[in-house]
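The chains carry the letters A, B, C, D and E, assigned in the order they are written, with residues numbered from 1 in each.
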Amino acid sequence: MKSKTNKKVIKAAKETVFYLFLTTLIAGMLLPVYFIISLSFLSTREAYQYPLPLVPAIKTDMELGYGERGYLLSVWDRIDKEYQTVLDTADLEKMEYYIKSQLGTKITEEELLIETSRLENSDEESIFFTKPRALLNNYDTFFTVTRDAVPALIRSLQIAGLTILISLSIGGLAGYAFARYIFRGKDTLRFSVLFVRMFPGVAIALPMVFILAEANLYDEPLGLSLIYSVGAIGLTIWITASIFMGIPVSLEEAAQVFGASKFQAFMKVTLPLALPGLAASAMYIFLGAWNETVAAIILTQFKPTFSVVVYQTLLGASGQVNLAAAGGISMAIPAIFFTFFLRKYINRMWGGVKV
Amino acid sequence: QPEVVTKEVEVPVEVVKEVEIPVEVEVEVPVASKTLVFSSRLFSPPQEQEFFITEIIKPFEDEHGVTVNFQIIDDQTLLDRADIQQSTDHVTTDIVVAHNSRMAEWIDAGWVEDLTDHVESWDDRHFSEAFVQNTNKDDKQYFLPVGADVYLLLANNKALPYLPEGVDLDSITWEEYADWAVAVAEGEGEGKVCITGIPSKSWVYMFGGTALSFGAGFPDANSAGAMDAWKVWETIGKGNGFVPTVLNVDSCVDPMMREESWLTVFHNARAGQVFASNETEFTLAPAPTGPTGTGSIAGVSGYAIMKDSANYDLAVSFLEYLTRPEIQVKLAKGTGGFIPPVQEAIDYLGDEAIDEVINKAVLVLENGVVSGVPGGDYEDWGAVKACFDDVFADTILTGADVTQDRLDEAQTCIDDLLK
Amino acid sequence: MATTKPKSLRKIWGQATPYLLILPVVIYYAIFWVRPVIAVIIGSFTDASGIFTLQNFVMVFNDESFFPALYNTAIIVIVSVTIEFIGALFLALLINRKFWGSSIFLFLMLIPMALPAVATGAMWMTGLTAHGWINSLLYYLGFLAEGEKIYWLGGLQQNQLKLLALVIILDAWQVIPSMMIILLAGLQNLSEEAKEAGYVFGGNFITVLRKITIPILQPTIQTAVILRLISAIQIWLIIVLLLGFGRLPVLVERIVYYHEEVPGLDISYQMAAGYTIIVSVIVSLTALLYLRVSGAFKKEETV
Amino acid sequence: MATLEIKNLTKKFGRKIIAVDNISLEVHDGEFLVLLGPSGCGKTTTMRMIAGLEEVTDGTILIGDVDVTELPPRKRNVSMVFQNYAIWPHMTVYENISYALKLKHMGKSEIDQVVHDVARMTKISELLERLPTQLSGGQQQRVAVARAIAVSPKVFLMDEPLSNLDAKLRVSMRTELKTIHASAKATTVFVTHDQSEAMSIADRIVIMQGGKIVQIGSPEEVYEKSADLFVADFIGTPPTNFFDVELKKTGETLHLVHPHFDLSLSPKNAALLQGYDKDRLVLGVRPENILLANEQAKIMSTTVLVVEPQGSHQVIAFKLDENIIKMVAPAQPKMKTGTTIHLNFKQEALRFFDPDSTLAIGN
Amino acid sequence: MATLEIKNLTKKFGRKIIAVDNISLEVHDGEFLVLLGPSGCGKTTTMRMIAGLEEVTDGTILIGDVDVTELPPRKRNVSMVFQNYAIWPHMTVYENISYALKLKHMGKSEIDQVVHDVARMTKISELLERLPTQLSGGQQQRVAVARAIAVSPKVFLMDEPLSNLDAKLRVSMRTELKTIHASAKATTVFVTHDQSEAMSIADRIVIMQGGKIVQIGSPEEVYEKSADLFVADFIGTPPTNFFDVELKKTGETLHLVHPHFDLSLSPKNAALLQGYDKDRLVLGVRPENILLANEQAKIMSTTVLVVEPQGSHQVIAFKLDENIIKMVAPAQPKMKTGTTIHLNFKQEALRFFDPDSTLAIGN
């Protein structure tokens, strides 16, 4: 059976090529993401090196010698492959701070004291020592600086949840109408819904915020969700309409025949069936609400969203791209989690798409 | 239930109205839960935020038994937020820190309190004249200056070998700076001068500093002094002295740290930040000088109390605390090296590296020709900036000559915007 | 049966139901959306003192950035929608093959969509600068010699086309996933047999794709494209993030410019309002045009 | 159980489409009535109006003497087996069956009792915990039936419940449904477009065409005494063969003259045609009434075109001019294409139709 | 036209599911072969492998002596009618038919010629400009056939092309397909799970079960000489009735003893059972071979359970213990539930099966 083994070999080869191709594709698509993640683990010093290190260092090799003002601190440079002088100071507290903030490495003043005395006691011009990198240093700093990160995060989740609820309920009703009924003006209405998206949102962001403030919803999570829903509803209507089109009417009718009211039939039959699709469309809404900053920053005072506190932390983070990266990743993680859990419902979202 | 409490404290009118629960309010409002909202454009770098909170706010909180809610927001958003709060009577922000180019908008809108009386009652401190003029209007003090900035020269040590013979870095002139920049460019094959350019619209300040050194006013575009200043930059432009990414530089911090650029004239706090990242690699000097001295636009921010703030008295005592000379110095040193705009503060300076930065800045401030930003005189300061940017973009960047005609045109552009 | 029975309550309810279901949306928009929109519309037709004028539009058309903005927007829309469509279709076709691991592959492909602007901003800014990670990577891979650099954001030479290309690519990177989702759903609803019939009757992969898959997918494609079209015309954030205002003017960027960069001018509000109206009109017309050209209306009539 | 009465029922969609056109109908208590007709004739619409799923344009529906025309479905006390079953995919079989009972506020144990009873009746007892996706088509169908009988409705509606099944299962389900009906004795309206299905399960058949009722009668009546050409053609597989013939009188005998045969009618048949005064008519002969004859008894001869053996019998097709005529013959002897055969008609079973009105003559 | 030969064809899905299990088969030039079997037995998979839509796990497929096992569909010169037609909804009927021809770079006028020819043959000439959505099911089906014959393939594949049609249309389409085949004489493989369909159109029937071929033969062969219990049960409606009987010898006569009857076998039948040494067997009797008898000739009596009138005949069901037995009787006299009937079997048509191997005895 020579041909049989041959076939197997060819098949295996084909598969290998296919998966190689996929891997390349993923690598290409996610390369930028890799770099931003890697950046978030780099020390400030490394983050500004060129060429940029491809992976974060896991230890810091340092050299301590004598300088004009006191001790001379040098650091091993992975790119140039040499020790480079970075600091000349007698102030150990300053050195400790420098090592933490610029080198992303934790060392205590006591430890520094030990090293300096080791230097003093040796006849060498300099001594060497190595410390492990505090890889999570940027995240550490980020969450230290970002005040009330956790309550803000919870609030953001709450706002995203509310937005999903509002958009899906209001938009879902309309989507249901478009999916299930034939009525005069249907196409015009459906197109008008899209028109809301056609009108540049930036032009009316501020006036919308004013309306909310007047409605006493200033600094209220609900207020923000109401604003976010304006943008989300249009798309939600289209998505939910196609979801509902995919669920046979007869299922609902069956419930009615067997004793349910229209509302009961909807709640007990159509809604549970639409749920996966709705969940997937919730992803869009979630991403929108989660990442929004412009309205949130104007509309909140005591109850900022996570995006606002991140914004506040990173507004002046020039010179600290690694910190910005850590902030960006921190913000992305919940969104990515959400996407991960909903990925298998994604194809349920655009059930019977039709323009 | 701190939330309930805070609300009721800030909107005292409401408390009075809600007669049903006055007792609860009385009982449930421990003094400690008073919250002062402090929204600032300044101290935005994370390490400065951290410092401000732990070293400045903390002692005050402990002393007064209150909470200070410190928030970083950019000027425009701060204004938008104030607009909302004021026009809907939901004033929740107590203190704002604005840049002096935007102060006029605050004052004109009537969103900040007149603090003249308080300032006059504090006799242990005097604000430097250079800053007071900007934060004032009609002789009334609305903003108390903080975090003043003047220009320093920051160079990567790799550029030092190109420094023209006999030039002393501490008294370098603009012409020498230009030659230096060109020399570096020739030696390295690409320009290394960074200026904060188009994206953040800061060219006007850079140029303003130069122009002041040549005896021009600010913002002058076409006076004789201004023309001389343009020529300096024209030299750099023609010598390909600018770092090629100059159009994308939002702040010179990043390119300087990445060593994409080697030379810059830079506000002192930011220069200090880069300097601190590797003291052995960078050199700091006062900004270059011209015939009339070292010109510099003094960037300064100011504290103000929001109109209708519910915590007016507390806000006043916080500002009193913040403007104490020793606190100003502590603040300046802890936040990258701003100049403390209180004259008495200078006495508190020491002789560490950071003090050196501040001292150099103070030197510029004292000996130089310093101007504030007359943002309030114009319809829109952003549009004024654009007038300058346009000249920069179509002459210096393209290597073209700066002509008097072009400058006259720019001046018209500026003057048209005068209120 | 000439006796006209009085319409029963049930009947009236039945006919009103769809409208009642849509009512919340209408109310919602009426409260949060219509008022500001009307304000903008009024603003666009009045001068600073509130008197009717068409001057605002004249000003917009005379604005030296208007035509560049229009052209740039047009190029971005045409090229990016095309590229994104092709990319999204390609990925959708790939994932639709349901290979081992396709679900995780799908998830990975969705990641760009989930990134917040803070992350993408930091990502591209650190990547595209001269000493950024893209050049670093090229250096490690040997494509760049030591000291050689590529100025991704256009060095001193202002090459608009290059910048446009860059903006389009970066935007595509983030937007392709959401378009892919729609197309993928469409593909999964598509009958496998229709494609197989294509093969049996002599088609190869390309002919089947061109003659069968894509035409049948047309309604889905329409949805995907129309949604994308609407948002592509409104691209601005990535441009401002990378290049600042004014370097690569596009229509919506102009609105933001007058709102945020020079809000103090007499004409700021009028200009912004004028641009806003023009953009809405252009978007709507483009959308309608697309729907007409792609035959969506025709189908609606016959169904 | 109850009677179902429909009076002058009409349904229009929009202004133009008249889906159901003024039909009246009475279903007796416990009767198994089949609505039969070609696709699009209004069967489903009628059924949906009975269930309350479709608004009535005009007319009245009475269930057990109560006017339900304006009542919502849940108040009508009917139950229905949908064409595609409409089993709720997110509920287990048990939940599907018990849902309606819960809505009636029946007690837990009672529900359990009922569910198990109907499950036994429909032979799905072991499937109660499964989800519908885990069931085969036939099993789903039984679940739909179980759900419908569990509520003990006054009227039991079935809309083509068997049309999705494969041929074999369809036939066995038919018998099962009939058995269940026999034991439950529910008033049933059953919709189908499959005439053989209708024939085999109906007590009475209602034949609809174009929204109107064409004939109501027992299976034998509609088969043997089809009211018009349409019914004669629609009922029976293969359908009735039609011949355009001329009516001639030779002496006392009536002749039907056709290019291929000349048939003299029996007195009984002749009597039927008394009073018919046109000289042309349509002769209808069912396939089994075309008989193989010997040379002597034949009225015509032809050659076999196609033979379809059916096991128990065979269908023989032949051509007269352009028309294909089919006849059913015993399985033996086997016929072959091309064989010459001699034919005769069975006189007692001939049907005559008026070519203009299409109605049967002499009924 | 060409022959189609399948050698040791196997298809596995994953490791466990063996959809087609080592089947071999030859289809003669111009033959109309039907693949018949219950749902899931591997018919579609076989057909898809022939078309090249499914990779072959093992075995070879030859079309006209060319090994096509590894060729892509477009190079095999086959055409196919899909179960749900798979007509391309975005193309007009004309475009649907001409698609394949265009791909063959046929000239415009020639294409036009071919399209019109096949349209005439399938009677869709007036529909050429319509879109599929504007066609009825039967018309769509004809388009699918037209598209398939237009390419003059070497082998013509049809996967349950009639299963979506309603009963009446199905029967008439059957005849039409057969007629088209008769004139085009294409080598045809036709898949169905409807045994009566298979019986009526096949030249030969291949009966599959569980991925294997159980029997190959002409319709009469598989009906009358079913190879095993499965085939006997599967072929014929109603299916064969089975009785577990004991084999007893009284003198020279063989008896089949059943709780309800005692049947002495004819010598011919007894001869069949020579060599069979177990004492139990399964007796298979087709419904039409259970005869109504008079008191004298009866071997048993029973009461009628259900009657299904079928127009030309009636199906009578009765119960023996728990088993429902069905017989076919002439339409007259009409039977009623509860009537007592006397029965006999037609000796010449009895079939015997080994209860262990399930195979027919004495074939």
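In the analysis below, a residue touches a chain if its C-beta (ideal position, glycine included) is under 8 Å from a C-beta of that chain, and two chains touch if they have at least 3 such contacts.
Just so it is clear, the model here is predicted, and its values are computed rather than measured.
Of all chains, the one whose mean C-alpha position sits at the greatest distance from that of subunit D is B. Every chain gets a centre from its CA atoms, and the centre nearest the mean of all protein CA atoms is that of C. Among the inter-chain contacts, the highest number of C-beta pairs connects A-C.
A separation of 21 Å divides the Cα centre of subunit A from that of subunit C. Here the spacing of subunit B and subunit D, counted between their Cα centres, is 91 Å. For this pair, subunit B with subunit E, the centres built from the Cα atoms lie 90 Å apart. Centre-to-centre separation of subunit C and subunit E, using mean CA positions: 55 Å.
Looking at subunit A, one finds that residues 50, 206, 314, 321 touch two or more other chains. Multi-chain contact residues of subunit C (touching two or more other chains): 131. In subunit E, no residue touches at least two other chains.
Every residue of subunit D that touches subunit E in the complex is listed here, in rising order: 38-39, 136, 163, 166-168, 171, 174-175, 178-179, 182, 193-197, 199-201, 219-220, 223, 234-239, 286-288, 306, 308-313, 315, 317, 324, 328, 331, 334. Those residues of subunit A whose C-beta lies close enough to touch subunit B in the complex are 44-45, 48-50, 72, 85-89, 91, 98, 101-102, 141-142, 144-145, 147, 206, 209-210, 213-214, 218-219, 297-299, 301-302, 304, 312-321, 323.
The residues of subunit B lying in touch with subunit C in their complex are 76, 105, 189, 198-201, 240, 242-248, 250, 254-255, 258-260, 378-383, 386, 389, 397, 417. Per the touch definition, subunit C reaches subunit B in the complex via residues 129-131, 147, 149, 151, 153-156, 158, 242-247, 260-266, 268.
By the touch rule above, subunit B contacts subunit A in their complex via residues 3, 6, 35, 37, 43-50, 53, 69-74, 77, 80-81, 84-85, 87-88, 90, 92-93, 250-251, 253-254, 257-260, 270, 273-274, 276-281, 352-353.
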